[in-house]
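Please go over the structures that come below.
In what comes next, subunit A is part of two complexes: it sits with subunit B in the first one and with subunit C in the second one.
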Partner chain A sequence: MGKKLLLQNEHIPGINTFDVYRKNGGYASVEKALKTMTPDEVTEEVKKSGLRGRGGAGFPAGMKWSFLDRKSEKPRYLVCNADESEPGTFKDRYLMEKIPHLLIEGMITSSYALGANTSYIYVRGEYMYVIRILEKAIEEAYAAGFLGNNILGTNYSLNLYVQPGGGAYICGEETALLESLEGKRGNPRLKPPFPAIAGLYASPTVVNNVETIAAVVPIVNMTGDEYAKIGIGKSTGTKLISASGHINKPGVYEIELGLPVEEFIYSEEYCGGIWKGRKMKAVVAGGSSVPILPTELILKNIKGEARLMSYESLSDGGFVSGTMLGSGGFIVLDETACIVHHLHTFARFYHHESCGQCSPCREGTGWMEKVIHRIEHGHGHMSDIDLLVDVAKKIEGNTICPLGDAAAWPVASAIRHFREEFEYHVKYPEKIKNPKHFEIEPFVSEKNLVTA
Partner chain B sequence: MNDTASIEKVEFSSEAKALVERIIKRYPAGKQKSALLPLLHLAQAEFGGWLSPQTMDYVASILSIKPIEVYEVASFYTMFNLKPVGKCLIEVCRTGPCMLRGAEDIVAYIEKKLGIKEGETTPDGQFTLKTTECLGSCGTAPMLQLGADYYENLTEEKVDNLLEKWKTIQNHSTYMRSNRQEI
Partner chain C sequence: MAKVTIDGIEVEVPDGTSILNAARQIGGDVVPPAMCYYSSLKESGGKCRVCLVKVTQGSAKDPRPMPKLVASCRTNVMDGMVVQNITSPEVLEARKGVVEFLLLNHPLDCPICDQAGECDLQNLAYEHGAAKTRYEEDRRTFEKIDIGDKIKLHMTRCILCYRCTFVADQLTDNRVHGVLNRGDHSEISTHIEKAIDNDFSGNMIDVCPVGALTDKTFRFKSRVWFTKPMDAHRDCPKCSGKVVLWMKGEEVLRVSARKDQYNEVKEFICNECRYDHKDVKDWTVEGPRHIERSSVISQNHYEKIDLLKLKKEVERQLEFQKGKPLPEHNHSLNA
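Up next, the complex of A and B:
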């Protein structure tokens, strides 16, 4: 059994209630921080832990906290990003649903470190029932004196609120989230200024993912140095992975960073192997936006070393032969899956979710969706394949926010590694008429490892 | 179908008004516009599952903002319906992970059972069928959402049972409210 720091108590009956959570050691980090540590000391522990943001980009959390403008006269805010809309990602929902008090405890300890007296948890609107769970837990925490004025008799006070989104993936981007929290359309802001200087209501703000904030709890309890010993290299600690697709046991797993990918996919403790006794074809390792990799490249890197579940190992080889850990949305495709069809659902997603502020993203995502659709349905031309690569290239790096890149990478990588499947769709329109074409006749072909 | 255009005056119930007061207090003085999304959810639940121009104007007046500020927000977010919908709005996720586990077959099955296509409403106004993008339930795919609730690991048999149960629901937003404490 791998080490668990977040979900170790998930099976205790009633762990979603304050009393049971508290009896099992809950809220110890709040007591420790508020009674024995200064805010800066808490921040220091988070820095030492090496914890990296779990929302996707993997930016060191302690460093982000240290950027917060502490000299400003304005109030400071901590905003938790529970927008979780990246296809393939459902770990935050799982954590909030099973152990809501872990997030609330993390919010209190983190808000204390940042000097925030009002904090918000921004939850995607579709998670309405999760919002209810959180609100109930917050009420319990108020009643027990862990929220409100003079928490635990100290002079620290905090009010915590849940804010619903309205259904927009882009509101997961932190500045779009802040716009949305201000009651506006979710259009990402131009940076600088960064939220650490001018965020919510133009005040200094830290935005962190649910899992990042939850991880502050074990860090404060065990110290940053001890936390940093878990995991591998600069990928410290544990990570929640949302596993979906063609595996025997989809679900949320807490892994120690550094676990071999092969073990994660095939061991009974985790995904339990590929369903229906089939073979694996490809994996999207970190949510829809990261490059897709064929079996050979997800299990081993280009040097033939075993690929590990860590920020560094998954990105080894760059985009030519690697991918990213991202949000930990691990999607497995078996040999009957059609890469073009799969990609089309993502292209449609990004087109649907583009906020429309920048023309490369607004126009490019629509164009890519159209062209992929045409290839998928047997109306494509060979030149369409390079056209897609070209459009993707022109979006990448030319937009206000990274949604443009997120839309471009899946397309570029699918063609890089599975070009022959695209060509097959163009060459044999009759064979792909049945949407389940590869279930009837799996696509087999000699494939180069890297067709960059 | 509930059409608020025909309702003389759009006004929250006293229970909802109390909730509105509590929601507005969550934000610093002068930042009451932050309450817009929660209030639109509440208004949609109160007034027939969609936001008519009258409803949006009413929300604008509560928050002392211009109606256009409400329209531009309501039209940005997919959860707000700017046209009337059936009493049961069924939303089936269609993105990659759900597609891999048979979401398209589930959509086709519901279309066949209800005799409508995706995006349409049954002639009796009971059901609207929509597809959505990833709802964060990919590990329990295929799935659908109705009101505030998720229905997961769908099979044709499960869909049969759900549709049977939902035949008699009077208003999906009432349904949502019956489960709701706060939004």
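Up next, the complex of A and C:
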């Protein structure tokens, strides 16, 4: 069994209520932090822990906290990003739904460390039932004296609010989230200034993912040094992985970073292997935005070393032969899956979710979607494949926020690793009419046929 | 003060100046184009991405290059910064890409568009665009909307620069229009087609870089290059009263605010000047308007022509076109 720090108590009945949560050691980090530590000491522990942002980019959380402008006279804010909408990612929902108090405890401890007296949890609108769970939990925490004025008799006060979003993927981008929280159209801001200097209401703000904030609880409880011992190298601690796709046991798993990818996919403890006894074709390792990798590259890197579930190991080889841990949305595709069909789903999503502020993303996502649609339905030309690569290249890096990159990477990587499937779609339009075409007639690489 | 080098030319500008404005102090070809930035509108810019430049040295203190191309209109200079604009193939490539994106859903109905001849997108596409589109699908279209009795909105032509919404935010009270929807379905719109009527709303027409917002009192009256722009002014209690009259013979076809060489209005005018005084007698005419931009409207032969300058300009254009390889089909673009 791998070590669990977040979900170790999920099996306890009634853990979503304050009383049960408290009896099982809940809110210990709040007591420890508020009564025995200064805010800077808490920040120091988080820094020592090496905790990296769990929302996707993997930026060290302690470093992000230390950028917060503490000299400013304006109030400081902590905003929890619970606008989880990356296709393939559902870990935050699971955490908030099962153990809402863990997030609230993390919010209190983190807000104390940052000196924030008002904090927000921005939840995507589709999670309305989760919002109700959180609001109930917050009510209980207020009643127990863990929120409100003079928490636990100290002179620290905190008000915590839940804000439902309107259901836009773009509002998961931190500055768009802040715009939305301010009541405006959720368009990403131009950076600099970064939120640490001028965020919510032009005040210093830290925006963290749900899982990052929840991880502060075990860090404070066990000290940062102890937390840093879990995991591998710079990828410390545990990570929630949302496993989905063609596997026997889809679901949310807490893994210790550094677990071999092969073990994660095939062991009974986690995904339990590929369904229907089929072979694996490809994996999207970190949510829809990260590059897709074929089996041989996801299990082993280009040097032949086993790939591990860690920020470094997955990104080994850059974008040529690597991918990213991202938000931990682990999507497995079996041998009958059609990469083009799969890519079209993603491209359609990004086309739908682009905010339309900057031209490369607004126009480029729609263009890519249309071209992929054309190829998928057998109306493509060979030149379309290069066209897609070129459009992806022109979007990547030229946009205001990372949504443009997120839309471009899957396209570029799918063509890089599965170019033959695209060519197959162009060459044999009659064979791909059935959406399950590779189930009927498995895809065979023509390159191998010729050489063998 | 900060010293910044753009394409090898050094210039000293006050701290807090954007790279674009520093380049404008140098002038000439090193100035990045701008479709959404508008110097007299706060917070504009950063959206169209045509002004992307490469920062090869962040500052004298921190000489690291910036990892991505940056929007020069919204990135401030640092002392010792080194910027590449037209000397960087990467920038030109990205810019070409952006122009292609901007033209993707643009109807290219220039032959029937009133903006033709004074359109920023036309000029931009002429300098950076490819001759042929690679887009095969249908372009997105919208219904034409009357916003108020004087302004026509052709959303189909819009490139979503957001300038007109900044005019609404910053010049007029009671903002009634903004952006609806998202992605490539975004549209500029009023709330349930409510009319825009306040004294400065007409400036939306002037800030629009394309033909999305046009003056209904001028629509289909004449091509701009057949009109003669004259500087004129009148005593106006609401605004500066400094305008350009677009005339055909003795007839005033259109009144607009004065635009500088970057096609930007510095002094906005009120709707009364714009729409209600289409009689030369109402105005004190100062003389022919000098238009510096390399646009077809500056080719009118009513001004004293500087033949030397014209020759130079033609030579520059020929040189520029020569440097550009003919647009090939994308076989070579395989990355």
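Operating definition for what follows: the second predicted complex is superposed on the first by the 445 of 452 C-alpha atoms of A that agree within 3 Å, B and C clash if a C-alpha of one lies under 4 Å from a C-alpha of the other, contacts with A are read in each partner's own complex, and residues count from 1 in each chain.
The definition used in the following text is that a contact is a pair of C-beta atoms (placed from the backbone, for glycine too) under 8 Å apart; a residue touches a chain by one contact, two chains touch by 3 or more.
Only a predicted model underlies this, so the values are computations on that prediction, with no experimental measurement involved.
Enquirer: With the two structures laid over each other on chain A, which partner does A:S413 touch: subunit B (first), subunit C (second), both, or neither?
Expert: In the superposed model, A:S413 contacts neither subunit B nor subunit C.
Enquirer: I'd like to know which partner A:F346 touches here: subunit B for first, subunit C for second, both or neither.
Expert: first
Enquirer: Please determine whether it is subunit B or subunit C that touches the greater number of subunit A residues.
Expert: Higher number of touched subunit A residues: B.
Enquirer: If we overlay the two complexes on their shared chain A, which of subunit B and subunit C does A:G88 touch? Say first, second, both or neither.
Expert: After superposing on A, A:G88 lies in contact with subunit B but is clear of subunit C.
Enquirer: Considering only the touch criterion stated at the top, classify A:A168 as touching first (subunit B), second (subunit C), both, or neither.
Expert: After superposition on chain A, A:A168 lies in contact with both partners, subunit B and subunit C.
Enquirer: Contact-wise, after the overlay, does A:T323 reach subunit B, subunit C, both or neither (first, second, both, neither)?
Expert: neither
Enquirer: Can A:R185 be said to touch subunit B (first), subunit C (second), both, or neither?
Expert: Once the two structures are laid over each other on A, A:R185 reaches both partners.
Enquirer: Just checking: does A:M128 make contact with subunit B only, subunit C only, both, or neither of them? Give me first, second, both or neither.
Expert: first
Enquirer: Touch test for A:G397: subunit B only (first), subunit C only (second), both, or neither?
Expert: In the superposition, A:G397 contacts subunit C only.
Enquirer: Starting from the residues of subunit A touching subunit B, keep only those that also touch subunit C in the other complex, and list them.
Expert: Residues common to the subunit A contacts of subunit C and of subunit B are 168, 185, 352-353, 355, listed in rising order.
Enquirer: Spell out the residues on subunit C that touch subunit A in their complex, using ranges where they run on.
Expert: Interface residues on subunit C, with respect to subunit A: 46-50, 52, 68-69, 71, 74, 93-94, 97-98, 100-102, 104-105, 134-137, 140, 159-160, 162, 178-179, 181-186, 329-331, 333-335.
Enquirer: Contact residues on subunit A for subunit C in the complex?
Expert: 168, 170, 185, 190, 351-360, 362-367, 370, 374, 383, 386-387, 389-390, 393-395, 397-400, 412
Enquirer: Enumerate the contact residues on subunit A facing subunit B in the complex.
Expert: Going by the criterion above, the answer is residues 75, 84-90, 92-93, 118, 120, 124-129, 131-132, 135-136, 159, 161, 163-169, 180-186, 201, 242-246, 250-252, 284, 288, 329, 331, 333, 337, 341-342, 345-346, 349, 352-353, 355, 435.
Enquirer: For subunit B, which residues count as touching subunit A in their complex?
Expert: Result: residues 26, 28, 31, 33-38, 40-41, 63, 65, 69, 72-73, 76-80, 94-97, 99-101, 104, 132-141, 145, 147-150, 176, 179-183 of subunit B touch subunit A.
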